[in-house]
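Take a look at the structures below.
Each of the next two complexes has chain A plus one other chain: chain B in the first, chain C in the second.
Here is the complex of A and B:
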């Protein structure tokens, strides 16, 4: 049986998800926690990959949408809405915010787009810091804890995050296979040419941004319910917003499995670094980021066994190219 | 009251110009968003603090040495690391400099701890038209402003300066004119680091500095750079002054906690409405 590469990748991904879901009843509490954060980061990576990978826009707004999701969930739950409805509220809030931010920001290109999205993140963090009656300010907000024993609560959030990651994966697969994804890839290669061949560039870009924003906010909503306490510097974290693209690069930009592999790989590395070098963890994280850029420019997905031997030679003989 | 805020704003503006001009130059010439900039400011401040407080040297000896050390650091980083990926998409260079920022910041934190430190030089205050201005602030601002103007003069009148401007305008044409691009890139990054170091020294003269502030400095540099327009010294000066005054006014009108947000909102407005900045066009110095 021969399959197209993207269908094969989809089957591999689905198998991974099935295995992860079955593990839910095998893992202890710590492992469930790590698993939940893997699933969350995979969902965020997949969401970012739609804009950053397929469309080629260097978005640094991931944490902005994530934070909006956190706060939307917290506020919805404080109004007495049940948890599932609050999550949907979070996703809707993220979609609306992405639409509102995307309309001005998506007119920008390259560096300006990156800076504009960072500015959005900074403004949102400041707003949540200062808008005290709504967000609790710098003190943060408490959310209701879930009833039940720690194991079953942990399992519930693990499965919820896994479900979201699956949703993000299937969305990506759908995008990869359809005209929409083709359009996004055209935009990445040459936006003017894409417009010339009849792609409604602005509509495509906005749709991708909204899709990505809604998924990020959904993840934020589940996260806020899980940790039951949010504060501005945690919800709108600059580190998260830059870590996510690094993870996707680690896996492979603009591919279906890249974000999954990158997310899993990164969390394992990070847990290892945290456990062993607590004082220098951010420095080592920095070294990892630098190493990914020099050694794995196409990500883990780009590794070809034959090429491994020439990796070092290529690195040392790399010369500055002045062409863009 | 309003006068006091405007004067404070102008004082900050001089410092801000020095803080942002290196960042702006690197962005304009190399097309790299240098996330390391905030940590280079801290590095300058701490090099100066180290010389004055641990080695007991006078500040007028230490300050130029600290800035010189930053130049060497910047030159080496660009020559050895960033030049290898400088022509790749922005995401790569941005992430690389962010990785370097994590490393440098963690090392500073490790060796100097997070305690805020200041040079603790008290030069008194002067009264001017009923407004009180600390002398240390005037000195810091003057040093920063003079170095910024000196850089402007160098870019206009020295051979290297003209080469840097030429590379910014068109790097292919500059290469054809016999300018060695990697060399100019490394020099530009070195100058950016030098100016960051100078801003750090001036900062340490006025405020207590901690490694945790690198993100704040970086944020200011972003805003100023976008306000004034990329890669130009006058742009950085205008952007710095505008930000200083706007933050002062924002503090007066809404309270100090909103000052940063006002700056960022102004930046988003400028980025969307006037992408080439308040100073207008990209071109000659």
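Here is the complex of A and C:
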């Protein structure tokens, strides 16, 4: 019995998640914190991949929805709602914001769309900086500290973030397998042609954007509860919004496992560069990213062992020939 | 081969014995430092301040914990000015490096976020660079701040100018929309209103603004006696230049905290003349320090010998943060967090930085605010009287 590639990828993904969940009871608190960050980045990558990968729209609004989630969670908890309900509020707020922003923004394409989404992020940061009675302005908002000892709190947020990444993964799998995902891929290839074969292009695009926005906001909600303090520069971070697409590109655009691999790969790469080149790390990291994308345009998922083997053979045989 | 191995074993045994004979137990303070990213300038200054403390304490023989001398070591990691990373690093410092005490990161927001982690583990954390009371509003038991609250600075300024320049009545305020500048501008408005000043405008500018001509033209049209601007040093340099271009003048121009760093005068040159500022500390405030440095002046000399420039309040506060922790540990005669926390809560620490006494929310509330002015290129203390070096020169730019 042979499995379809997407089912195989799904099984691999599920196995990885199961392994990660089991680690929750073995890791120390620092490792759990790193794991939580990695799970958060993977969730954001998977969310971005729906719009940026499957649909081919270069969105830079990840941090915009993430920030909305942070604030929605903080405000909901300040109203006395329990943490789980506050997270759902965050996801709903993200979905609503994505719908409201998507209606005008999704009429733009390519670079125009990218610039539109980054403008949305900048505007939202300014709004949160100035709407003091709601967001606390530049002073930020306090969230209630999660009760419990550090070990159980660390494990709780790790599992919550991992659960969200799993949800994003399963959503991606569902999209990948259904007519919806097929429609999104058609849109990526040729929007006019997609419309001609009967795909309601605008509805599909909006649905994908809302889905992605809700997932990003959910991640923001969990993050804000974990840090217990939120301020505009952290919630609406320009770095996050740019790093996420880079991670997915490293892993493989529009694939099921690409965002997971890219997220983990990027974190390891960044840690390595940061640990070894403290003063030049941004520059070296940038060059490495350019190199990876240049030599592996389809990301890590695009590596074919056979091709690598033949490339290696070609290189070595050349060396043999040129050696005296 | 076996002989070789035995030899190696013997050597390594000898080496380890020698090491243990000499070994001194180490006491480690953990610090997330912003070495890169937007806060790098200030982050590196804090690091220099910590280094001053560590070197001086070790030169003295280390930290005396109930008769046992322990070598002081700083375990620091770059948090790249990112909050998430700062939180991660504090987790690492506590769980992997097992540091018993922490020094807070530079940014106020980052201090708040990491203080939450420290509180959860019950690890005392001393913040060197957070002056805004909102950082301490969660009433954490483990967070202590060296800088006294903003309001003490603005109260001292308003009182001094009211006394020395009674004709100054109308104030225009301009602040960067970020936690600290916004908070200190708000305090200034409160202090000034209470003392009967008229606030003509109280405006904010966004981070990364480079063109201030609009807002400065507006301020010019209000004809204020006193212009109060606050933001990052780079912003204040731009503001002072653009004020000159647009011919904006006033009897009094105060900038927080740019002019207290040498970079300000180096960049705007003559335009720095007569600009007033304030500070949490200055070497001329000659506080006595029986513990390590001797006095503020001597601290500055030591700093100058290492880094070839004068220390500002930022480095001094960082050194003081580390020094206060050491003093508390020596007083408690143990490195147990509970005992050290109790000492921090109750004692007044006399340091080169001035007396440090933590209030019930954990912020130093010993008022030693300085009002200062740049005169002939030098930063001089105007108030308090006990430390006065010069009289106020009115008019920016100075009248010839």
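Here is the rule we go by: the second predicted complex is superposed on the first by the 303 of 324 C-alpha atoms of A that agree within 3 Å, B and C clash if a C-alpha of one lies under 4 Å from a C-alpha of the other, contacts with A are read in each partner's own complex, and residues count from 1 in each chain.
By definition in this document, a residue touches a chain if its C-beta (ideal position, glycine included) is under 8 Å from a C-beta of that chain, and two chains touch if they have at least 3 such contacts.
As the structure is a prediction and not an experimental result, all values here were calculated from the model.
Contact with chain C, but none with chain B, is seen for A:30 once the two complexes are overlaid on the shared chain. Once chain A of one complex is fitted onto chain A of the other, the partner contacts of A:129 extend to both chain B and chain C. Looking at the shared chain after the overlay, A:81 reaches neither chain B nor chain C.
Set against each other, chain B and chain C differ in how many residues of chain A they touch, and the higher count belongs to B.
By the touch criterion stated above, A:233 is placed in contact with chain C alone, chain B being left untouched. Contacts of A:145 after superposition on the shared chain: chain C is touched, whereas chain B is not. Looking at the shared chain after the overlay, A:120 reaches chain B, while chain C stays out of its contact range.
In the superposed model, A:287 makes contact with chain B only, not with chain C. Counting contacts as defined above, chain A residues 126, 129-130, 279, 281-282 meet chain B in one complex and chain C in the other. Looking at the complex, you find that chain B touches chain A at residues 27, 31, 33, 81, 83-92, 94-96, 98-107, 110, 171-172, 175, 181-182, 185, 215, 219, 222-223, 226, 257-258, 260-261, 264-265, 267-268, 271-272, 275. Against chain B, in their complex, chain A makes its touches with residues 52, 56, 58, 104-105, 107-108, 110-112, 114-116, 118-120, 122-123, 126-127, 129-130, 238, 242, 245-246, 249, 279-283, 285-290, 293-294, 297, 318, 320-324.
Residue ranges of chain C in contact with chain A, taken from their complex: 35-36, 78, 80, 82-84, 87-88, 91-92, 94-96, 109, 112-113, 116, 119-121, 132, 134, 137-138, 177-179, 182-183, 204, 206-207.
Across the complex, chain A meets chain C through its residues 28-30, 33-34, 37, 126, 129-130, 137-140, 142, 145, 150, 153-154, 223, 226-229, 231, 233-234, 237, 239, 274, 278-279, 281-282.
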